[in-house]
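Just below sit the structures, each encoded as structure tokens.
Next come two complexes built around chain A: one with chain B, the other with chain C.
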Partner chain A sequence: MTKQSKYRVIFDDPDHLDEPTKVLVPSQNWLDMAMAGGLPPIWVYWQLQDDEQKAIKEGRHSTFKHDPEKHALQWTAPRIGPLTEEEAMEYLVMKDLPRRCWAEEHNRPMFKIVRTEQVPSDRTFRNAWEMAA
Partner chain B sequence: MSTLKVNSIQEATTGGGTVNIGPQVVASFNGTGTVALYQNHGVSSLTDNSTGQYYITFSTNFSTATYQACSSSTHHQSTWWQWLSDDYGGGNQSYFRTTSVCYLAGYSGGYVDNPSLGLTCNEVS
Partner chain C sequence: MSTLKANAFQDTNGNVLNLSRVWGCLNTLSSNSILNDQGLSSFTDNTTGDYTLNFSFTTSTSSYAFSGSGRQVTNHPIQTVAVSINASPSTTTLRITHGRTGGAGSVGQQSDADNISVCIHY
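This part shows the complex of A and B:
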């Protein structure tokens, strides 16, 4: 098995609070790239997410194609420089979690960055997992 | 010996599509116990959604959501999981996939955790 991150992100989707708490497992390869300074500014991904969400809402997702210039920015935009592992985790939250989890105010936190050993390894009641207060 | 390094090749005479070299996304992971990636390429994270249901988020978005996606999962609670399983082999292309996310699951009458799942995605641009 490849090297594993020492962090996980547990989160709830505010639009589906009846669903079990989800657990995001970062790719150590991706974290290494982030810590080596290989990432573009986060807005590059947000711009692509916005365009795709618009296409989904308008019912044209099956024929949707990203704008080539915006798509190419993933590789051509100036890199943001090396991040610490903690900064990389925060970037990953903003990239991979639904924006409604972290960008909107709720009456409780919708996500937490935790250490791997804080996530239960016994999955017998996986569908009953809830985020502790 | 010299090494030729390219990311894609293009058919010269008929102007056909560009063929990218190798899969752009490869992931294999353990869906039991402490869920963890075994190997990955082109992946930023794996999300454990609930029993037997997971999704992979890519490092970079594909240009469309019609890329080829193929998943596999192994037999659960069996010594045979270490082989490619007849019971859980293969997988449909996720209907819910977007340019940045692809869903996969282990299913046998209901969703079940699997000790080895895999996903490969390709796009010809």
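This part shows the complex of A and C:
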């Protein structure tokens, strides 16, 4: 097994608050790349996400293909430089969590970055997990 | 030793050769971890047997092939992975379910597992 990150992200989806709390598990390979300075600016991913969401709203997702120039920016845009593990986790939140979880105001936090050992290992009641206040 | 870097390959006739660029082995039973992967930035544990794979890069289209499997356990001879009905595949994520089917005295059920293998080809 590869080395594991010290962190996890627990979050609730504001559009589905009846669902159990979700746990985001980072890839150590991706974190290593982030800490080595291999990531593009986050807007490169947001631009692609926005284009796809627009295609879904317009009902053309089944034939949708990303613009080749925007798509290539993932590899050709200038790198943002090495991040700490904590900064990489914040980048990951902005990349992999639904934007409504962290970019919109709610009456309570919709996500928390926690230490791995704070996530229960006993999954007997997994479908009843809730984020503590 | 040299390192070959490329984002696309072609045969001598100009046909595009597609490599499997996203794969991962997940343990969702106890440690909730990625045992090893390529092309994943993370996965989300939504609930029992329900996960979202988050790709480290955006694919050009959402029309890719997916395969997955789980490890056989006592009384549950078949462990299978399927694309979830809860979300359509996208160029950034794929929501999947892992479940057990068959077995003596057992009905099918969504379940976690200590070794779920997934692979995306495009």
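Everything below uses one rule, namely that the second predicted complex is superposed on the first by the 133 of 133 C-alpha atoms of A that agree within 3 Å, B and C clash if a C-alpha of one lies under 4 Å from a C-alpha of the other, contacts with A are read in each partner's own complex, and residues count from 1 in each chain.
One rule holds for everything that comes next: a contact is a pair of C-beta atoms (placed from the backbone, for glycine too) under 8 Å apart; a residue touches a chain by one contact, two chains touch by 3 or more.
Predicted model, so just to flag it, every value in this text is computed and none were measured.
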item	value
Combined model on chain A where chain B meets chain C, clash or fit	clash
Partner chain(s) touched by A:H66 [first = chain B, second = chain C, both, neither]	both
First (chain B), second (chain C), both or neither touched by A:E19	both
Partner chain(s) touched by A:S121 [first = chain B, second = chain C, both, neither]	both
Touched partner set for A:Q74, first chain B, second chain C, both or neither	both
Which of chain B and chain C A:N107 touches, first, second, both or neither	neither
Set intersection of chain A contacts, chain C complex versus chain B complex	1-2, 4, 19-20, 22-30, 33, 45, 48-49, 52, 61-62, 64-66, 68, 71, 74-75, 92, 95-96, 119, 121, 123, 126-127
In the complex with chain C, residue positions of chain A that touch it	1-2, 4, 8, 19-20, 22-30, 33, 45, 48-49, 52, 61-62, 64-66, 68, 71, 74-75, 92, 95-96, 119, 121, 123, 126-127
List of chain B residues in touch with chain A within their complex	29-30, 32-41, 43-51, 57, 59-61, 63-66, 98-100, 113
Residues of chain C touching chain A in the complex	7, 24, 27, 29-38, 40-48, 54, 56-58, 60-63, 88, 90-93, 112
Complex contact set, residues of chain A against chain B	1-2, 4, 19-20, 22-30, 33, 45, 48-49, 52, 56, 61-62, 64-66, 68, 71, 74-75, 92, 95-96, 116, 119, 121-123, 126-127
